[in-house]
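Okay, so subunit A shows up in both of these, paired with subunit B first and subunit C after.
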Partner chain A sequence: MSMEQVLREKAKELLSSGKVKVVIGYGEGSIPIKSTPIFVKTPEQADCLVLNPTCTNNLTVYLPQAVKSGPVAVVAKPCEVKNIVELVKENQIKREDVTVIAVSTPGILNDAALAEFDLLDVKKISWKADGVAVTTSQGDTVIPRDAAFQKKCLSCTAAQPAIADIKIGDWAERAPLQDKFADVEEYEKLSAEEKRAFWAGQFSKCIRCYACRQACPGCYCNECFVDKNGQIWASKDTGAESNWFFHMTRMMHTAGRCTGCGECERACPMGIPLSLMGKKMSLLVKELFGTQPGESMEDAPVFGCYQTNDPDPCPE
Partner chain B sequence: MEAKVIAKQDISAWLSSLAEKMEVLAPVEDGGVIRYRPLGEGEMNLNFSGPAKSLRDHFTPETETLFRYKYEGLKAELEESPAEEHDRLIFGARACDAAALKYVDAVYSMVEPRDEPYFARRERTTIVGLFCNNPAWSCFCTEVGNFLTNPQEMDAGLTDIGDKYYAEAYTAKGEELLSAAQFEPAGAEDAAAVEKVKQKALSRLPAKGAHEEACLSYNWDSPIFPELAEKCLGCGVCAYSCPTCHCFDIQECAQGKKGSRFRCWDTCQFEKFTLMGHGHNPRPSKKERTRQRVFHKFKYSIERYKMLGCVGCGRCISACPVNIDIHAVVAELEKPAPASEGVNNE
Partner chain C sequence: MTEQEERTEQVETKENAGWEPKLIGFLCNWCSYAGADLAGSSRLKYPPNMRVVRVPCSGRVNPQFVMKAFERGFDGVLVAGCHPGDCHYSKGNYYTRRRLMLFKEFLEFMGIEPERFKFDWVSAAEGQKFAEVVGKLTESVKRVGPFEGVCKR
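Showing the complex of A and B:
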């Protein structure tokens, strides 16, 4: 049975037994190059679930709302299971309210890999042993792994998930094709002035649509700090100072909680490399606290708990 | 005025000569996204397939200071922002984006006095369009209008026919532009090449729809909106990339005895957009907000302005992180109701 078929069977069991009220997974998008989040509520609808290289969304973003109507099952890739771990630790969802369907895939398609194709002629996108097959009226073209997959997938080791109720796919640990922090290490070579200039240029493009925030499973606050009306210390304008403030503050709020899922960068309409910031923060947290988010149910949330021996490096 | 042609290699020289008289904005790629930037800032990219970022921010800037003030004791000084005084040319505008300006014009002149800062920018801007040879998968401009064959709000339009561009003027400003040295009269084979390129582009686009009539009977209680509400992230990208969106918020930036008042983009997709002072929100969930977007672009626009508020640019479709497709939504809303559904089919 393919992963997709296994997923549909499991979803049908969960729904017909009444164990969950809804299975959050992926369905066919409006065109074969896309899939879309779907909320399956009956065993019959479970046949709408798909699993293919276009299944990119981090569905855990829906959990805090979804569990309010009853127990939920959610399809989560290795990086996304980490978000569920953090959401449980932060008391946004109860462990017993979520059935984690942990799916290990060969990797998720990077949109840029389709640049040379006529997107209206793509009929299907599927996994093949050495990459991704794009089927058009001309037949199949296989894009090799390192060109086909998203950066985060290339550095994935498919390490055992910290929580999982159902596991689908090949969970054998794999050697990463790329180092997870390779781009951060490149960035760290810049001088302080160069880093400042880099981000100033990037933030000048920001239109404050807040797509990064809305796509992020860690940004679940009922009222975001920027949405308070009429405050003086954070402004809604898109000037340099205001944009810096928004992004830097959001980074501080997600530090120690960002799993590098990359949804922020994917959602950004202006091409700002937001996941670079998230990963930089993640590397800092690793160096200072020795932990990474979502890898263990036992690790205390880094900024949620105070230890008297917490590192407190003072700049010289 | 007769049609002209300009060799591709002469475009830079033409734009540079124009840049001596006015600010010239041209499409530039940055981080995988196309933006209109002042000539010279980045390398011009005219090979983008499908819509670039719309023209909206050049007419309704993301942030616009309305006035500044300062006061001492009981004396206050108010300084209005100066009216737009410099001339501009936007090169490489898409037909859908130019046509969208007609709609935004209608919105900003709906009541008296009209929005002067907006119209000052409109009057001082010349638009040179670049017709699409290769529409994106998400494009559907032909379904809601005929901007590729009957361009709107452009002063001149260019079509890529290989090593040159075919150029047509639609206004006096456009005629003046095309009388520049780099342009030569077009020949019959140029016109034939344009026909071929246009037919190819049109073959990738849907036929004209009947949204103008159909939208008047959209179902307020359609089950599609609760469905969209489940997956919509409320991220605002649809509205912020939309060429006809025009809503703004007015905020203050106060620092002790001085400050400024500005307007900035806002969207009905944000939760607080309709949150009232007394605490009530008539659009409390994404069901109401997604419905608002679709109804505004189609039904309310026809009712209010007798024109559709959607130009089929498809940006909201390709930019939506969860693949909400407004084109598919209106197709669903316009499906005839099944026969079994009661007597009153309104």
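Showing the complex of A and C:
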């Protein structure tokens, strides 16, 4: 049975036994190059679920709202299971309310890989042993893994998830094809002045659509600091400096929660490399406090605890 | 020539000679603000470049305070509180230590020279240390020069 069929069977079981009220998964999008998040509420609808290289959205972003109307099952890739761990640890959802369907896929398609294709002519996108097959009216074209997959997938090791109720796919640990932090190292070669110039360029592109925030499972505040009308800390204008302030604050708020799912960067319509900051944050959290977001259910949230022997600004 | 004089010399040979940095300091009410008071009442001499903001505890210092200060053009920022273990509210400074240690590194990643941000402990009895901390911060900010903004264009 293919992964997709297994997923449908499991979803049917969960829904017909009444264990969950809804299964959050992927369905076919309006065109074959996109799949879309769907909420499956009856066993019959479970046949709408799909699993293919276009299943990119991080579905854990819906959890805090979805669990309010009953237990939920959610399809989550390895990086996204970590988001569920963080949401549970930070009391946004209860562990018993969520059934984690952990899916280890070969990788998710990077949109740029389709640049050469007539997008309306693409009939189907599927996994092949050595990459992704794109079916058009001219036949199949296989894009090799390096070019086909998103950066986060190329550096994925498919490590065992901290929580999983159902596991689908190949969970054997794999060697990453790319170093996850290569771009951080490259960036850090810049001087302080060059770094600020780099961000000036990036942040002047930001149009404050807040797609990064909406796509982020770590950004679960009911009212974002930037939407507040009382104390206006962050200006709503789109100057590079105000955008800097917004993104810096968002990074501090998601520090220790950011699992590197890369949704902020993917959702960004202006192509700002937001995951560069997220990756650095996760490196810093590891270096300073020895924890990694979403890796274990035992660690306390980074800013929700302290140790008396934490790194000190002036050690005695 | 003492080390101090040597540094001053270096600073003054720069093209921005005569320029004085503008600093802001967030001091905790119970230790560092009292430390600053002691420095004053003991007639200790230290650079007059810093504007002080008194906060109830160093735990009150949101990283946004520091971001805002840089965004609005301050050349350097100091955050000072009670030594770990001495917090008036018993653990406020432990939380702030986690937050600001991370933030400090992150600021550097974003291209703000580490010389511009100082995070330190000053107790109510450490008037001398307060004067030294402000002196050193002023000096290091003078070394890196005027701040050109969080985003350099």
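Here is the rule we use: the second predicted complex is superposed on the first by the 308 of 316 C-alpha atoms of A that agree within 3 Å, B and C clash if a C-alpha of one lies under 4 Å from a C-alpha of the other, contacts with A are read in each partner's own complex, and residues count from 1 in each chain.
Basically, contacts are C-beta pairs under 8 Å (C-beta built on N, C-alpha and C of every residue); 3 or more make two chains touch, one makes a residue touch a chain.
Nothing here was measured: the structure is a model prediction, and the numbers come from that model.
In the superposition on chain A, A:Lys19 makes contact with neither subunit B nor subunit C.
By the document's definition of touching, of the two partners only subunit C reaches A:Leu284; subunit B does not.
By the touch criterion stated above, A:Met248 is placed in contact with subunit C alone, subunit B being left untouched.
After overlaying the two complexes on the shared chain, residue contacts for A:Lys34 are found with subunit B alone; subunit C is out of touch.
Touch criterion not met for A:Lys124: it reaches neither subunit B nor subunit C. Comparing which residues of subunit A touch subunit B with which touch subunit C, the overlap is empty. Here subunit A touches subunit C in the complex through residues 188, 190, 192-200, 203-204, 225, 233-234, 240-242, 244-245, 248-249, 251-252, 255, 277, 280-281, 284-285, 288-289, 302-303, 306, 308, 310-314, going by the rule given at the top.
The touching residues of subunit A, counted against subunit B in their complex, run 29-31, 33-39, 57, 61-62, 112, 119-120, 202, 205, 207-211, 213-215, 227, 229-230, 232, 235-239, 263, 266-267, 269-273.
Against subunit A, in their complex, subunit C makes its touches with residues 63-64, 67-68, 71, 84-85, 91, 94-95, 97-106, 108-113, 119-121, 148-153.
Subunit B makes touch with subunit A in their complex at residues 30-33, 35, 53, 57, 62-63, 136-137, 204, 227, 230-231, 233-237, 239-241, 249, 251-255, 262, 264-265, 267, 270-272, 317, 319, 321-325, 327-328.
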